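Okay, so chain A shows up in both of these, paired with chain B first and chain C after.
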Partner chain A sequence: MAELFRRYGTTLTLAMAAATFVWVVMMVVLPYFVMVEYSFHRNLTVSELGGPKDVYTLENYASLFRGTDLSAFEFSDDFRVFMRTIWGSAAVTLVCLLVCYPVAYYLAKIAPPERAAFLLVLLVIPFWINEILRTFAWFILLAYNGPLNVLLKAVGIIDAPVRWLSGSGGVIIGMTYAFLLFMMFPLYNAIETLDRNQVEAARDLGASTWKVHWRVVIPHAKPGVAVGCIMVFVLAASSYIVPYLLGSPGTRWFTQTIYEWFFEASDWPRGSAYAFILLGLCVAFIMVMMKLFKVGLTDIAK
Partner chain B sequence: MRLTGSELLLRVYLGVFFVYLFAPLVIMSAATFNTSRFPTVAPWMGATLQWFQALWADEQMWRALANSVVAGLAVIVVSVPIGVAAAMLLDGLSKRAKSFLYAVMVSPLLTPGVIIGISTLIFWERLGVKGGLHLAVIGQSSFIIAYVMLMVLARLQRFDRSLEEAALDLGATHLQAFRRVLLPHLMPAIFSSAVLAFFQSFENYNTTLFTRGTDVTLTIFLASKVRTGLTPAVNALGLVLIAFTIVGAIAYEVLRRREAARAAAARRAAEQAESLGEPALQGA
Partner chain C sequence: MGESVELDRLTMRFGAFTAVDSVSLTIEAGEFFSFLGPSGCGKTTILRCISGFTEPSEGRVLIGGRDMRGIGPNKRPTALIFQNLALFPLMSVAENIAFGLEVRGASREERRRRAEQLLDLIALPDSADKRIAELSGGQKQRVAIARALAVEPQVMLLDEPLSALDLKLRQHMRAELRAIQKRTGVTFIYITHDQGEAFTMSDRVAVMSKGRIEQIGVPADIYDRPQSEFVATFVGENNRFEGPLVDKSDGLGVVETSAGRYAGKLANDRLNVGETVALYVRPERLALGAGADNALAARVTHADFEGAFANVFLKGGDGRPIILHLANDGRLPDLAEGSELTVGFAAHQAIIVPRGERARD
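Then we have the complex of A and B:
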C-alpha cells in the first residue's frame, strides 16, 4: 500500500481503492454471501418476518431430495431435473471431446501452418456469433418439417420425420454445437506444444496410430482436456437458452427449475438454494477434473 | 502423393466437421429470404425481402435494441474506470496480497452467468432496489470489469516506470503524471476493453434474464420471439446481427494486429539498439 501512495499520491490511491472496493465487495463478494444466507430462510410473507417462523432452516436444500425413494427408484420432479442436468452436461462434454480431438490434432500437428491459420480463423467466426442465434439455427434445422428431416427422407435414411425436439436429443445436439469451441481451443493449444519428434519416435519404435495417441499425444494434452471439459461442463450445466429453445416440458434443465422458483412460484429462498446447489455442482466437477487429470489451478488460468 | 486410409478418413471427417459448423448458420440466414411464414428453406416458396420490412416495422424490436445500446454504454461507463483502477491497484500491491485479490477478481469469470444474475438480484432487492435495466448493468459489469482489469493489467506491465518518475522529479503533481504519462500509455487497452465491454453486454443473456425486471433487451426479445411469434423476421434480425458481428470481429482483429505489430516493431528497434555493439551474433 505504501508503495501505491508514493507512486500515485493520496487522492489517486484513495480513488482507486474506493472503486475497487465498490466492485469487489459490493458487486462480487457481498452478493454471493447474501444469496447463500438467503437460501437458509423460509419463504415468508412480510407480516411473518421477524416472527417465530423466521429462523434459519435447511428445508430449501432438503426439498430437492424430498419424495426421493432410492429403493423404489422414485424421484421428485426437481431431483429428476437435477440428475438430467448432470448426465446431460456430462454427455455434452464427452461428445465435444470426441468431436474436437481429431480436428484439434489435425490443426496442431498435421496441417501446414498456413492452412492451419486459415482454418483457425474459420473456426472462430461461429464463435463470435451469439449463442442464441447458434441455438436458433438448430431450432430451424431440427424442426419437424425442417431441412434435416427433409434431407434425411430424400436420401432415404428415414421413412417418417423424426421429432428431434421432443426428447433430450435436441438439447444435447444444440449444446454440443454451442459449446464446441470451448473444447477446441484448449485442446489445440495443448497438442500444439507437443514436440513432433516424440510422435515420430513412437512410430519408429513400432507403435500403432492408436497407441501413439493413447500413450503420447493424449497424456501430453491432459491439461487441455481438463480445461476443455471444465469449460464445456460448466457452460452446459448453467445454460438456460439451449434447453429453453430446443427442449420440451419433459426435458427441463435445472436452470429452468431455478427460474420457475424465482419468477413463477415467487419462492426466492428456494431458488437461491437451488442456485447454490448448481454452483456446488460446477465446483465439484472442477475439483474432480483437477484431481483426475492432476492439473492445478494455474494450468486452468493459462 | 498418395493418401493412406487413415489420412483419407481424417480429411473426410474435417470436411464433414466444417459443413456441420457452417450449415446451420447458412440455412438460418437463407430462411430469411423464403416467403414461407415458418422460417425454413425446404420447401422454398419464393424469394422475398418482406421479412426485413416486417423487422423494420417492429416497434418492440426497436425498443429492445435501444435498451441494449443504453445498457452497453452504461456498462462501459461503469466497467472501464473501475477496471483501470483495479488493475493499477493490483499492479502496485505486494505479491501475497496480489495473488489473493487476483483470485477474487477473476472469480466472476468462472461463475455461471445465471448465478451472477441471481446473487445481484437478491443483494439489491435487500437494499430496496428492484430489477430492471439498471440492475442488468450492475450484474453484467460485475464480470465485465474483470475482462477490463485483465486487459489493462497486461498493458500496465509493459509500462516503463522511469517515465513516471521523471515526470514527478520534474515537478508534475501525481494527478498530472497520471493524466499525461500513464493514461496515454494505457489508452489502447482502455479503448479495446471498452469495445469488448459493449459487445459482452450487448450479447449477454443469462445474467440479464434474472436482473432485468420487466425491461427487454435485444437478446431477451430474440429468445422470446423464437418461442412465441416466430416468423422469418427473427431470421432477418439474426442475419443483421451476424453481419455486424463479422464486420466488428474483423475490425477488432485488424486493430489488434496493428497494435501487436507496432509493439513488435518497437521491441525490435530496442533490441537492435542494444545489440549494436556486438553485431552478427544472431545472424540466423
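Then we have the complex of A and C:
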C-alpha cells in the first residue's frame, strides 16, 4: 500500500482503492448479502408481505432434513439428492486422483522434458472446447446405441449394449473427464518440484516402487493432492451441466434441486438456503482436507 | 565386510556421445578407491552403473564376483551417497537413518535402536528427533553416511559428498570418512575432482579423462610417476619442457628442449629416441643453484612469500614461465622482481612422458 502511495500519489491511490472497494462490494459481497437475507425469509405471497408470517426463520435450512429420520433410514428426496451429491463428488475426486497420479508422475519425473511438454499440451487442447460440447460428446459416446457400445460389442467384450447413462456411472465418468486437469496440474506441479535424487536414494536404500511412492513421492506431493482434491470436489459438487446432460432421472444432483427451487417452484428463499448448504458443504470439505493434509491457505492459493 | 568390485570393459554411451569408454579395473574388497577427474569425465556415470541406476551400454559390473546385470539398485549390496545428499526432508533424522531398515520391514524398536547406534558412530547423539532442516552442513553429511551404513552395504559409493562443505569441515570430514571406512571394512568408492581429497583418503586412485582411465595407482605413484601429460598436469602443479628425446639408458632419458638439454626419468620404456616428448618437474623439486644433472637460468617475475615457504614465478631464458616452491630455511635469496636465479634438479626428480593432451586449468 505504501508502495502504491509512493508510486501513484495520494489521490490516484485513493481513487483506485475506492474503485476496487466498490467493485468488490457491488459484485461480490452485495449479491451474497441479498441471498443470505432471502434464505432466512419465508416464501410469501405479495399480500402476506409485512404480515405476521414475514419474520426471519431457519425453516428453509431445516426443510432439507424434513421428512428425514436417520434412525429409520428414511430420507427426504432433497436430502437423498444431497447425500448423493456428496458421495458422487467424493467418488469423482477419488477417480480423478487415481487416474491423475500415475500420469502426473510420469509427466513430471519419467518422460523427457520435451515429450512431457507435448503431452501436457495434448491434455489441455480438449479443454479449449466449451464444457457443454465436451459433455455432450460423452453423452453421444456413452449412449445406448453409441459408439462405445458398438465398439465393445464388435470386439466381443459385451453381448448386449450397456446402459452407461443410467445410474451415476455416466455422471461420474463425465465429471472425471471434465475436471481431470484441475487434479492434474496441482499434482504435476507438486511432483515436479521433487528432487529426482530423493526417489533414487529411496530406491538405492532398498525401497520397492510402492514404498518409494508411499514414503517419498506422496508425502512430498501432499499439498498438490490436497489442492487437486479440493478443486475437483468443489467443482463436482457445484456442477450443473454434467449431471443435467449425463444424469438420469434417478441421479439428480443437488445443483439441480437448487435450480428447481429457484426457477420451477419459484421458492427463492429455499433455493438460497440450499445454495448456502452446498457452500457450507464445500467449505467443510476444504477444512477437512486442510486438516487432513496439514496444508495452509497459502498452499492452496498457489 | 566389503566386497570387491570389478568393471569389465564398462562402456556407457548417450546417443553418439561416449561418456565412459571401455573401463576395466578391479577394486579390492575393503579398499578405499577414488576416481579423480575433471568435471564431465564420466565419474558419476561409472558410479551410477555400479549402483544400478543405469545399465551400461557394454561391459559388465561384478560385485563380489557376481555379475550385476539386471539387478536393480534396490537389490544391489551398494549404498550411494548423492552429490546433494538427498536426505528426506519430511522425515526426522532417525527416520532417515532407519529408512533402509523400514523398507525391509524391521520393527520400530529395531529401527530406533539401530538409528541410535549409528548416531553414536557418527558422533551425533541426541539428534534422533531433529528435522533435517535443523542440521548444519557437516551434520547432514554425517546423517547421509549413517543412512547409507544402516543397510549394511558391502560397497559404499560416494559422489563428491564433501563438495558442499567449507574447507575446514571438508578436511575434518576426510579424516572421519577414512576412519569410518577403516572401522566398518566396507569397500568405499569415492568420486572427486579434488586431488587432496583423493590422496588423503584413498588406498588407490584412478585418474580419468574423457571417459577413459588415464592411470591407476597409489597416491604417491600418481603424483611422482605420472604416465601421461594429462595426469602430470591435472594432478598438482608442474613445469613443462618439450622436445625430442635424444638419449635413453637405464630408465633415464635426455630431452633437447629450447631451454637446453635436460635429463629425467622415463615414464615407460616404450619411449623411443627421436620421439617428441614432454619433461615435467614439480615446483618443489626445483632447487636453488645448478642441480646434479640439470640447471637453468631464470629471472624472477613475481614472488609470493607465505612464511613457511615462498612461491616464486620465474621466466626462463626462452621466455617460458617456471614455478618454484622454496621452503623457507632462513636463507632465501633476493626475490625482488628482475633478480637472476639459477635453479636445478636431479634427473630422478623429473619425469618424461609421451606427448599427449594436457588438463586445462
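By definition in this document, the second predicted complex is superposed on the first by the 285 of 302 C-alpha atoms of A that agree within 3 Å, B and C clash if a C-alpha of one lies under 4 Å from a C-alpha of the other, contacts with A are read in each partner's own complex, and residues count from 1 in each chain.
Keep this in mind: contacts are C-beta pairs under 8 Å (C-beta built on N, C-alpha and C of every residue); 3 or more make two chains touch, one makes a residue touch a chain.
Remember, predicted model here, so these are calculated numbers, not experimental data.
With chain A as the common reference, chain B sits beside chain C without any clash. Contacts of A:203 after superposition: chain C is touched, whereas chain B is not reached.
In the overlay built on the shared chain, the residue A:120 is in contact with neither chain B nor chain C.
Taking chain A as the reference chain, the count of touched residues is higher for B when chain B and chain C are set side by side.
Shared-chain residue A:215: touches chain C; no touch with chain B.
Of the two partner chains placed around the shared chain by superposition, neither chain B nor chain C is touched by A:152.
By the touch criterion defined above, A:282 reaches chain B but does not reach chain C. The superposed model places chain B and chain C at 80 degrees from each other around the C-alpha centre of chain A, with the value given to the nearest 10. With both structures placed on the common chain, the touch criterion links A:102 to chain B but leaves chain C unconnected. Of the two partner chains, chain C is the only one that A:195 touches; chain B does not reach it.
With chain A used as the common frame, the shortest Cα distance separating chain B from chain C works out to 9 Å. Overlap of the chain B and chain C contact sets on chain A: empty, with no shared residue. Within the complex, the chain B residues that touch chain A are 6, 10, 13-14, 17-18, 20-25, 27-28, 31, 38-42, 81-82, 85-86, 88-89, 92-94, 101, 104-108, 110-116, 118-123, 125-126, 138, 141-142, 145, 164, 173-175, 178, 203, 205-206, 209-210, 219, 222-223, 226-227, 234-235, 238, 241-242, 245-246, 248-249. Put simply, chain C touches chain A in their complex at residues 51, 53, 72-75, 78-80, 82-84, 86-88, 90-91, 99-100, 102-104, 147-148, 151.
Those residues of chain A that touch chain C in the shared complex are 195, 197-198, 200-208, 211, 215-216, 219-220. Chain A meets chain B in the complex at residues 1, 3-4, 7-9, 11-12, 15-17, 19-20, 22-24, 27-32, 34-35, 38, 99, 102-103, 106, 110, 119, 122-126, 128-134, 136-141, 143, 145-147, 150-151, 177, 180, 209, 234-235, 237-241, 244-245, 255, 258-259, 262, 268, 271-272, 275, 278-279, 282, 301.
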